[in-house]
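Below are structures written as structure tokens.
Each of the next two complexes has subunit A plus one more chain, namely subunit B in the first and subunit C in the second.
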Partner chain A sequence: MTPFAYERATDASSAVARVAAHPNAVFLGGGTNLVDHMKLGIAHPQLLVDVTRLPFSKIESLPDGGIRVGAGVRNSDLAADRTVRERYPVLSQALLGGASGQLRNLATTAGNLLQRTRCAYFQDVTVPCNKRTPGSGCSAIDGHNRDHAILGASDQCVAVHPSDMAVALAALDATVVVLGRQGERRISAVDFHRLPGDAAQRDSMLEHGELIVAVELPALPVAAHSVYYKVRDRASYAFALVSVAAALEVRSGRVHDVRIAFGGVAHKPWRARRAEAALRGAPATEEVYGRAADAELADAKVLKHNAFKIPLARNTLRMVLRQLAQGGR
Partner chain B sequence: MKASITLRVDGEQRSLTLDTRTTLLDALREHLGVTAAKKGCDHGQCGACTVLLDGRRVTTCLSLAVACDGTSVTTAEGLAPGGTLHPLQQAFLEQDALQCGYCTPGQICSALGMLDEAQAGHPSFVTEGLAAPAELSDEEIRERMSGNLCRCGAYVNIVAAIRQAIAERATP
Partner chain C sequence: MQMIEPRAMGTPLQRIDGAAKIMGTAPYAFEHRLERPTYLHPVQSTIARGRILKIDTRAAESLEGVIAVITHETAARLASDENKELWVLQSAKVHFRGQFIAAVIAQTPESARAGADRIAVEYEAARHDVSFSGGRKDLYAPKTVNAGYPTDTNQGDAETAFERAEVKVDSTYTTPMEHNSPMEPHTTIAIWESPKLTLYDSTQSVHSVRTTVAKSLGLKVDQVRVVSPYVGGGFGSKGEPHAHNILAALAALRVPGRPVKFALTRQQMFCLAGYRTPTIQRFRLGATRDGRLTSIIHDVVELTSRFKEFAEQTAVPTRLMYASPNRRTRHRLAALDLPKPSWMRAPGETPGMFAGEVAMDELAVACGLDPVELRVRNEPERNPESDNPWGNRHLLECLREGARRFAWSERDPRPRQRSDRGWLIGSGVASSTYPRYVLLGSRATIRCGERGQYTVRIGAADLGTGTWTTLTQIAADALQCPVEAVHLEIGDTEQPNATVAGGSSGISSWGWAIVAAAQELRRLHGARPAAGAEASAQTPKGADDETFAQHSFGAQFAEVRVNTLTGEVRLSRMLGVFSAGRIINPRLARSQLIGGMTMGLSMALHEESVVDERFGHVINHDFAGYHIAANADVTDMDAVWLDEVDDRSTPMGSRGIGEIGIVGAAAAIANAVYHATGTRIRNLPITPDKLVT
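What follows is the complex of A and B.
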């Protein structure tokens, strides 16, 4: 591990100033991803600015009926929050489906959003990887790519984003609030992560030195009726092969409102706008669910080992919509 | 780079100077000689290094010791001051909930943290309707303990030991 200086931030703007001024500085949250990467030789920061003691560990109500989640709120506390459980159950479930109890007690909201791909080649410094070393090539495209993307990938990178929480946030129309040297800006959760294109090294729209201070959820009535379903190789404590975050409201047999995002299929949480459009106003039937899934997956491209993800995504979405329509969550 | 920190470990105030790269796990084991927390994977994947940090269960292999300055750490060793076993430790013995024992200190700290979480009404991934769980079924215990791997596969008896501890809590 490269030696580094450690500082504990006391206020947000000086934390931003410190990191922005130093090209090799990073913020430290719970450390559960960053310290792992430092051990693996993937990250070599020279200055760590610990932001966990900043006063942004609260969950507050907003005047418009939404909530504001501080960037430092631990994943376990967010999942257990009464308001979140009642009004945004998909978010609680996504958090509880991720990592383990003892990791969720450490992991922060901001750190969870910014966790990096679990692509095995990205984590192995001895092999080429465009995300880790731009221009070196992608070992996954012709390698073991069972876990990799079926939507939105490029010939530079086929990795998927590992966060469960981020999938729920994308479905919930959340906003990420960011503080930079020029002040605050707001980025919608759907646009926060990016597709790899020809810059696989960039996971998100965040610039160096920008600090996530909060995530805001809008008042969203349909969200009270939502679910997170995660398909994985074992029953617990594993990353998603495919996951679905969905909220659905059916009135008189027709889809009144709907939100859908997929996890495990792309370089970012995949908001399923085409599926939503196919559903909105349509009868809540199996046939319509199938058509909606097909509309979303029409452009899917498979690699040698991940073709199973197309039927898995399709069937998981249909099952989730059926359950939600029947009143289960 | 060096840093000086103070930790309260199993009830005792300890001050030490260490390299900023030192994890909390290595600070405990290598610097303070507190070896109850075990190193299994060193990457957050196995739970062997679990302790209670300010009362909450956490892994210690991905936490930097300097970031834990001023906190209070309880390891499985600290649960048995003067050698009197904690009821959960006793339950692990009575239920034969271990073979080699390497994962056991982490299992015990994790189970204690988990029981407090359940008591505070926290749901798990398998809790119906995200309600506060009335009682912990075996399915609930397994889900909530899934961050602690046991290479010897003592899971069945680990669940039994936790069940025994819950029953003893209910009827003091």
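What follows is the complex of A and C.
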């Protein structure tokens, strides 16, 4: 652990200015991932700017019918919010599928988005990892890669994004509101995280010094009929092998509207646009669900230990769509 | 044997230490409040084999808060290299990745850790080999396996009988490397106040830590004191001292008079505190068409560290479980550049009975027999190996009682017949067994106080299992007094010698010493001894130890649900029925047995340490990567026992229960998964990737 300075931010713009001016400064939210990284030697910030006292802890209704979730809203509170549970159940279920009760009490909305991969090689500073030390190599590609990506990976990195919440946000067409030195900008949740390419060290589109201030959800009628299903090695407190966030509306036996994202398959929450396209307007049948899954997974590439993720993703999507079409959760 | 009258024994007395634990006032090793503590953080090798060429400690030494750095060049010399695991910082040699190669002593834990990060090491790496497989050419037969059992046994002509058998099962089962992972990490506070060394330790045996550490450091035994009143789990990994004890002691020598506090991190526990070897087990069963065994062949391959041998006794339960005129068992080892494997809850029985009890299930299917009935047909009248009569074998009663309670007779034997909303449902059964061990060497002292009070002293351990409470109950009955009149003292080498809390032998061995001391007190001082009267006695040898085969038995029944699309397995119901002699405290016993069954569930579905062969260490070395069953995995689980008093085992009528709960549990679950799905998974753990199609 490297000694560091700690400051408590009193307003957002000065927090941004402070971090932006210091190349080794970071924002501190719930600290459930960052502090681990400091202990493990993965992160060596010299300055922590604590943003948990900033006024970002509210969930508000927007004039267009959507909601705005403050960056500092704790995962437990967001999952329990009545509006979220009624209108965006997929989000509430995704949050409750993540971590443990204790961690959810501490973890924030922004921090959840910014948590980093749990790839075992990323977390072990004694082995090479391009995400941790660019150019050092990827230990997972030829290593133990059961948990790793089947979509969108590169020869630099095959890690997956660990967040459940972010998968739901990608399916819901959410927007991440970011404050930088030039003011606010808005990034769609789908584009917020990036694929590894040749810069595996970068998880998201956020620039140094930029602070997430809120996440906005659009008024999305189909979202009221949504579900999150997470397949994992034990019944709680495990990262997804594969997860599916889906919203579906069927009218007269045909898919009227649909939103799908996968977790556990890529470096980012994987919005399944090909599957959505295959479904939209098509009959709501098992065969169509299977074809939609196949369309999305056509480009999947497997590693030595993760080939099971293709049938698992396919089956889980079919199961979720069937459940939604039948009207149950 | 003179049995003691049960008054306190058999009652569900609440934990004597319960309130202190809930209030946080029961001190675990790291929590002892000591003046002017220092903190230790180790440096670990990042190669798996080779030698250290150079260690540069200057950057660490110049860091604020760092008091000293010790390396193999600067640490005090140890006196004995008999136990190579404890030959810490004595040479430049590296035997495994993660080995201690230096340590930083500092004013705070943070500065110790920061110091350790700044130590630069140059190695000469040699090619390491951590590749575990049954096809290795260099597999060898150890002289004996753990607990002194023969490596191989051979009765009749097992190969020929198998070839000629009407029905055959020939399957290979694998269990992965598993780590004990107690909640409390391995922790030592060491203080050197010449000529005395004191260790506050988290251990299953204060006295064995004392003798081992004294020998290692070249001290007299009475120069070392070890204190360990409360322990947050061990599961065998604290059954013997490990390298961290020695490292803390070496550090203490460097800062005389100041306590050195040292707790392993979770990651460090994956290379420095023992583990269960992975196993590859080929099991062959030959039987008549009506399910009578004619041949049993159990061939085990497992691993040991190259620098020190540990050979798990995986095939040992196969030698006694079922009758067969022909039987062969064999253990072979691969010696690898890995840390030393060690004891983990029921070493031998746990992996061995997974393979054996799944093989029996396969045989039941092959014979078209109910698996309970198959076991009934192969019940041996005497111990098949020694030919001794059974001391108290009640396996069939356990199976029958379990079958009754679990409504086994309603089960459709065909696989893949029941489902509920996309989840297949199945049930399975397996037997359990564990030897009755009483270890010799424990001594208890009883001293009469005022008003009929007694002080009972023995250097025993409570791993969280309830020793404080159960020994008090035993002492009360031995002394024929109320439990309130007993003042128990355990967990300190100031108290008389006690053997290890291991092999489910603790309560049997220590309790018997207390009973013997109570009898000695009456012999010396009569029925109403005066205040100040004192007596002491050792655990005696049991009269039936050589003439009777003494083992505990049990039956485990499991019901699982398997998602047809995702391959997720969830345990929906589990029952264990055990025969373990008298149960001293039903409240604590139930907790112990359910704990064992939960660990078996964890073994069946979750636990697996993955060694990356390129680097040589366990790569999933934390609780995000190494899964242990969590609350949501444990649903309707119950443990019951036969009402039984074993008058050959101990004067309390009891046998141990620390381990039997895990034995057979994984097999029952694996058999249930087969029954649910029709797919036989022979490689643990049973994770979704093995079932999804």
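Throughout what follows, the second predicted complex is superposed on the first by the 329 of 329 C-alpha atoms of A that agree within 3 Å, B and C clash if a C-alpha of one lies under 4 Å from a C-alpha of the other, contacts with A are read in each partner's own complex, and residues count from 1 in each chain.
What we mean here is this: contacts are C-beta pairs under 8 Å (C-beta built on N, C-alpha and C of every residue); 3 or more make two chains touch, one makes a residue touch a chain.
Quantities reported herein were computed from a predicted structural model and do not represent experimental measurements.
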Subunit B versus subunit C as contact partner of A:Thr52, first or second or both or neither: first
Which of subunit B and subunit C A:Leu28 touches, first, second, both or neither: first
Touching partner for A:Tyr6 - first (subunit B), second (subunit C), both, neither: first
Touched partner set for A:Phe308, first subunit B, second subunit C, both or neither: second
Contacts of A:Asp124 with subunit B and subunit C, given as first, second, both or neither: second
On subunit A, positions contacted by subunit B and by subunit C: 1, 3, 39, 235-237
Parts of subunit A lying in touch with subunit C, wherever the complex brings them together: 1-3, 39-41, 118, 120-121, 123-124, 126-127, 139, 142-144, 146, 231-239, 241, 305, 308, 311-312, 315-316, 318-319
Residue numbers on subunit A that touch subunit B, as the complex places them: 1, 3-6, 8, 28, 30-32, 35-36, 38-39, 48, 50, 52, 76, 79-80, 85, 89, 92-93, 96-97, 99-103, 105-106, 235-237, 329
Residue numbers on subunit C that touch subunit A, as the complex places them: 46, 110, 113-114, 117, 267, 422, 565-568, 570, 605-606, 610, 612, 614-615, 619-622, 624-625, 627, 629-633, 687-689, 692-693
Of subunit B, residues touching subunit A in the complex: 1, 3, 19-21, 23, 42-44, 47, 50, 53, 56-59, 62-64, 66-67, 110, 113-114, 117, 120-125, 129-130, 142-148
